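The two complexes that follow have chain A in common; it is paired with chain B in the first and with chain C in the second.
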Partner chain A sequence: MALPLRYNVRSVLIRWRSTLSTIFGIGLVVAVYIMMQSLAVGLEKSSANTGDPRNLLLVRKGSTAETSSQVTREQFKLLQYLPDIEKDEKGEPLISADTLILISLPRKGAAGEANILVRGVSKVGMQLRPQVRLTQGRMFEGGRREVVVSQKLAERFDNLGIGESFKTGGHQLQVVGWFDGNKSAFDSEIWMDSDDARSLFDRENYSSVLLRSDPTQWGALTNRVESDKRLSLSVIPETKYYSNQTATATPIRFLGNFLATAMSVGAIFAAMNTMYASVGARTREVGTLRVLGFRRRAILIGFLLEGAILAFLGGLIGCLLSLPINHYSTGTLNFQTFSEVVFEFNITPHLILKGLVFAVSVGLIGSLMPAIRASRLPVIASLKSL
Partner chain B sequence: MSIGGFILRNAVRNKRRALLSILSVAVSLFLLVTLLVGLRELTQPPTDEASAARIVVRNKISLGNLLPRRQRATIEKIPGVAAVTPFTWFGGKFRDEEVMFGQFAIEPKLLLTIFGEAKMPPEQFEAFVNDPTACIIGIKTAEKYGLKLGEFMKLQGTFWPIDLNLKLVGIYADGIDDRNLFFHHRQLDEMPNNTGEVGTWWVKAASLEDVGPVVQTINAAFANTTAAVRAETERAFQLSFISMWGNIKMLVLSICSVVVFTLVLVSASTMSMAVRERFRELAILKAIGFRRRELFAFILAESFGLAAAGAVIGVGGAWGIFNHTDLVASASQNFMVLFEVTPRIMGQACFVATLLGIVASIAPSLSVARMSVVEGLKTLD
Partner chain C sequence: MQTNDLSVPLVAENSSEPSIVQIKELSKIYRQGEINVTALNRISLSIARREFLTLMGPSGSGKSTLLHIIAGIDRPTSGHCIVQGVEVTQLSESELADWRNQNVGFVFQTFNLLPVLTAFENVELPLLLTRLTSKQRKKQVLTALELVGLADRTSHLPRQLSGGQEQRVAIARALVTDPQLIVADEPTGNLDSTSAHEVLDILRSLCNDAGKTVIMVTHDPKAAAFGSRNVHLEKGELAP
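Let's turn to the complex of A and B:
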């Protein structure tokens, strides 16, 4: 016969004073675990959110990032007349030649500088990226040294408010609007006219080309481009290009897992201590239960359950502690583009579940040895004990 | 029995609990040291005396923009400049993989003038200077990939539209960073369709007093050209990299504080557990005439002892592992090279341990102070 669950729950609760610190300790471990993982999830999501499934990206053969790629004007002209490119309602082909430039700008609060990606786009650049939406101000106009800035970026760097201007490469650029990239990689960019960007930053060539084409035509189009000697470009689906960039999250995941492992060892020791103390204090109680006819196994499972309940409470506290950080926006260095990537902590239900499972395992491991000890207590001696 | 013996016996009376407490303190302190060391590695670039006289010149727009080759002549003429070399990041793939070691194009003749600290046999250096297709690498990378002298290394360009096939003629050691590969800048200069650009200029000032004026003169010399530059000392340049990491520093620091807090919490509770068990004994001690002050001292000494033992295991363990093995370097694939526990970090960890010992004894001391002798004697648990 198993011990009633209510007995275990009440046993944990009645000793809440002595177990509180253990519960809280486990809670903190879980909170750190969830926060670190949510950081990695947010970073990966910003890459996964980027790109339209109908778009193809063209970069120089051998180049692994848009920033290190070059597409000449002649090549772009050839590409414009490819038959498989979709057209908008005005009959213009949906193809944009982008110019990418890294610029160094000061962070808010004099906290040093960071590289930011400036993306010069053609007229249809916005149409090709439906997740980007202008939230305030207006779109830039070509030839006027105007830029639109991601709203999240504007919160992190100086002089990016609407109406403000900043200096780079000897030129003053005017901010005329803010956009929202819907948690994509575009949230880390400044946009301007592609030809403006080329002339201001003294670039002969564009960096990359983005075009829309029906996925059924991709094979033919890729063939046409990659077999053309004049082009020497490689074709990648836009979504695939960005999903390859998730490697930036790897060190954060590594750090998160390392911390979780190390801290959980400490938490297991704490849980063990608490449960041993609990067993010690309840020796007589255990003896009584045995006399009443409860089997060793029932006692063992009972104490394991108590450990699990204790840790579960800790896990819940940990989840609550970590929740306020959800959707908090932060930034770090993207290794692939060598520029600042802005992203949000992202706590998913899956992560919460993982945190709770993690907590309960800590509880179970920590209470295993004390529970075995409790189940092996000699009945008569324990009844006699004070 | 002496007082010291009494305290020691008390501390280890419940051996399992003492061990668990010590180990949990040890694990937490180990973690704290690891984080502090990692933070130091990320935020404090390795430097030496020679680096104080080195100046890095990059494009003012950002490091991602290149500089025209013609600037070299102008910089060389500036008084106080001892030597100038182009220094260009290649960033190629090796054996079809993205790699953790840097590949830089430089002017081999000036390598020793500007970067004097690395050690290399003179005949290897000579071979490097004389062969435009040669390269040298640091010993760490050579060991990692099992590279031998005379071997050819194929690097596929990603940033530069060129593939290199370089002959390994030298392996250096004892530099600041024994991972990097160096090759002749000529390889890039003679590339088809070359536009004559370099990544950065590295300048050696004739003396430390020249550094300030040289930096200013270089900045002013190109101020109104199409390629304005930012010249800064090597240290300032390295620090600008760290600024790019963004909020990582704050993140690690806040994790450190959570770790410390958890540590205090857990040990404090263990200590009060130990005292609660001995409530009756403490009441007897009080009854036979021990003063509160002495009881406090017992508790403090015990908690202090546990914390100290934890510190010895945790901090000592970290020191042993990080400073005497290459575990971290190999686990992080040479991303973290130094990973060294400094005396300062040890001091910080020991300070936390001391604090822990004191804080953990507060709660039990309070309950002992409040306890009436009669109540305590009555306690059974």
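Let's turn to the complex of A and C:
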């Protein structure tokens, strides 16, 4: 038979003065944990939001990233006549060749420079990426050295406002519009006309090819491409390509887990200290409960529960502390393209739950030894304590 | 688990068994390094049902030790202690816990109410270990609190009560499971004389009107006068 829950809850609350620092300590650990995890979630989401399940991406055999791939104009011409590509209303095949260029731009607030991907893209290329929407200004026009920029990127870098211009590779580029990539990887890109990009940056070849095809035809199409000696390209579903890039979230997750683990050791000791003090101060109470007929196990569970309640309160505080960062956007380096990736902290209900479970675990581990001590107190000795 | 209902008149069972407590050759020796402290030395004692036994003696004479063994809180070094036909010394730790819950009510000198629980909740505690429904528990708690004259203090916390009221709540907690045996270790030791008188009156009426057996340790001859029999302990032995 267990002690009444209200007894444990009130026992924690009545000692709030001595438990407050422990509760806040646990809250801090949980906040760090949630923030780091939400960073990883946001980064993963940016990859997950990117691909269209009907699209195939073609890159040079052996390339793991679009930036390190090349597709010649002859190869692109051959691809256009493949039979399994879907057509638009006008009967044109939904296939587009992109050119990717890495440029360096100054961050806002004189915080140095960072690499950014410029994507030379065609009208069809935009059609294939419907998650990208123009939010302000207008779309670029070919031949006029105009670009549209991700709005999130514009918030983080100099000279990307509409009407502003920036210089790269000896050319002045004019920003005419902002787009929103709906949390996809395109939120980290600058887009311009495909032919403009190739001529301005002196590129003979394209970087990659994106096409739409019915997934049931993917097998045949892949066979055709990969067996053609003239092509030597590999075919990857677009979603898979971007989810492979998620590897960049792994170090963040790792760092987050490492930090949380290191900090939780401190929190566990704080909880242990608090609970030992509580047991010490309530020795006679424990003796009384035993005299009334409560068993050792009831005492053990009672103190474990108090540790859990304490930590749960800390967990709630941690969640509150971390919430303001939700949807705050930030950047990191994509280690495959070496360009800046912009994404949002993303606190999901699942993460909140994980944070609370994490907190309660800290409380349970921290209160284990004190609870065992309380349950083993000899009745007579504890009755004599003051 | 017991399901006695306090609303039924509190009358001792009719038993052919003459005494509720039988103590034979009971010894308790504390070993402190090289020295042995004999707290109880081969004590034999019988306590009849409905008796109000008072235990007196100088400090350190073993009164509390004896009371603790009778109440199943402590174990003797040797000897027998049979309470209501049960050899208490033979019970395991968890059997003892259940046995205490059902058979003994303990009243402490320092009241020992749980500070975060109200008077009602404190009295209800021992009943949480029974199979009673919350409705049955409520009825029994209120009956017990009425019996000690505190029906109007149910939602008070211990710190909102006077010492005498706290001790009366503690008595209500001791009798709420309707045990046959109530043991009290200097229950008036921390009380002024008026409160002490109230507490002693209640203990006496538990014995006389409710048919309980009460064993009370006291220093105070005036308190001892409330008992029906007085026993003296001296250096762990019964004084004649």
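Here is the rule we go by: the second predicted complex is superposed on the first by the 386 of 386 C-alpha atoms of A that agree within 3 Å, B and C clash if a C-alpha of one lies under 4 Å from a C-alpha of the other, contacts with A are read in each partner's own complex, and residues count from 1 in each chain.
By our rule, contacts are C-beta pairs under 8 Å (C-beta built on N, C-alpha and C of every residue); 3 or more make two chains touch, one makes a residue touch a chain.
Here the structure is a predicted model, which is why all the values come from computation and not from measurement.
K.L.:
Taking the superposition on A as described, I'd like to know which of chain B and chain C A:S194 touches: first, second, both or neither.
P.N.:
neither
K.L.:
Quick check for you: in the superposed arrangement, does A:S322 touch first (chain B), second (chain C), both or neither?
P.N.:
In the superposed model, A:S322 contacts neither chain B nor chain C.
K.L.:
A:F294 contacts which: chain B (first), chain C (second), both, neither?
P.N.:
A:F294 sits against chain C, while chain B stays out of touch.
K.L.:
What is the contact status of A:E285 with respect to chain B (first) and chain C (second): first, second, both, or neither?
P.N.:
Only chain C; A:E285 stays clear of chain B.
K.L.:
Is A:I14 touching anything from chain B or chain C once the two structures are fitted on A? First, second, both or neither.
P.N.:
The second partner, chain C, only.
K.L.:
Touching A:I380, do we find chain B (first), chain C (second), both, or neither?
P.N.:
It touches chain C, and chain B stays clear.
K.L.:
Using the touch criterion from the header, give the chain among chain B and chain C with more contacted residues in chain A.
P.N.:
The larger set of chain A residues in touch belongs to B.
K.L.:
Using the superposition on chain A described above, determine whether A:S96 touches chain B (first), chain C (second), both, or neither.
P.N.:
Touch status of A:S96: no partner.
K.L.:
Applying the document's definition of touch, where does A:T50 land relative to chain B and chain C: first, second, both, or neither?
P.N.:
In the superposed model, A:T50 contacts neither chain B nor chain C.
K.L.:
Flag every residue of chain A that touches chain C in the complex, lowest number first.
P.N.:
1, 3-4, 6-7, 10-11, 14, 284-285, 287-296, 379-380, 383
K.L.:
Across the complex, what residues on chain B touch chain A?
P.N.:
Per the touch definition, chain B meets chain A at residues 16-17, 20-21, 23-24, 27-28, 30-31, 34, 60-65, 91, 93, 98, 156-159, 161, 163, 195, 224, 226-228, 239-240, 242-248, 251, 255, 258-259, 261-263, 265-266, 268-270, 272-273, 276-277, 332, 335, 380-381.
K.L.:
Where on chain C is chain A touching in the complex?
P.N.:
Against chain A, the touching part of chain C is residues 68, 71, 73-74, 93-94, 97-98, 100-102, 106, 108, 110, 112, 114-117, 121, 125-126, 128-129, 173.
K.L.:
Which stretch or stretches of chain A touch chain B in the complex?
P.N.:
Residues 18, 20-22, 24-25, 28-29, 31-32, 36, 39, 60, 62-65, 67-68, 70, 101-104, 107, 111-115, 168-170, 201-202, 204, 251, 254, 259, 262-263, 265-267, 269-270, 272-274, 276-277, 280-281, 330-333, 338-340, 386.
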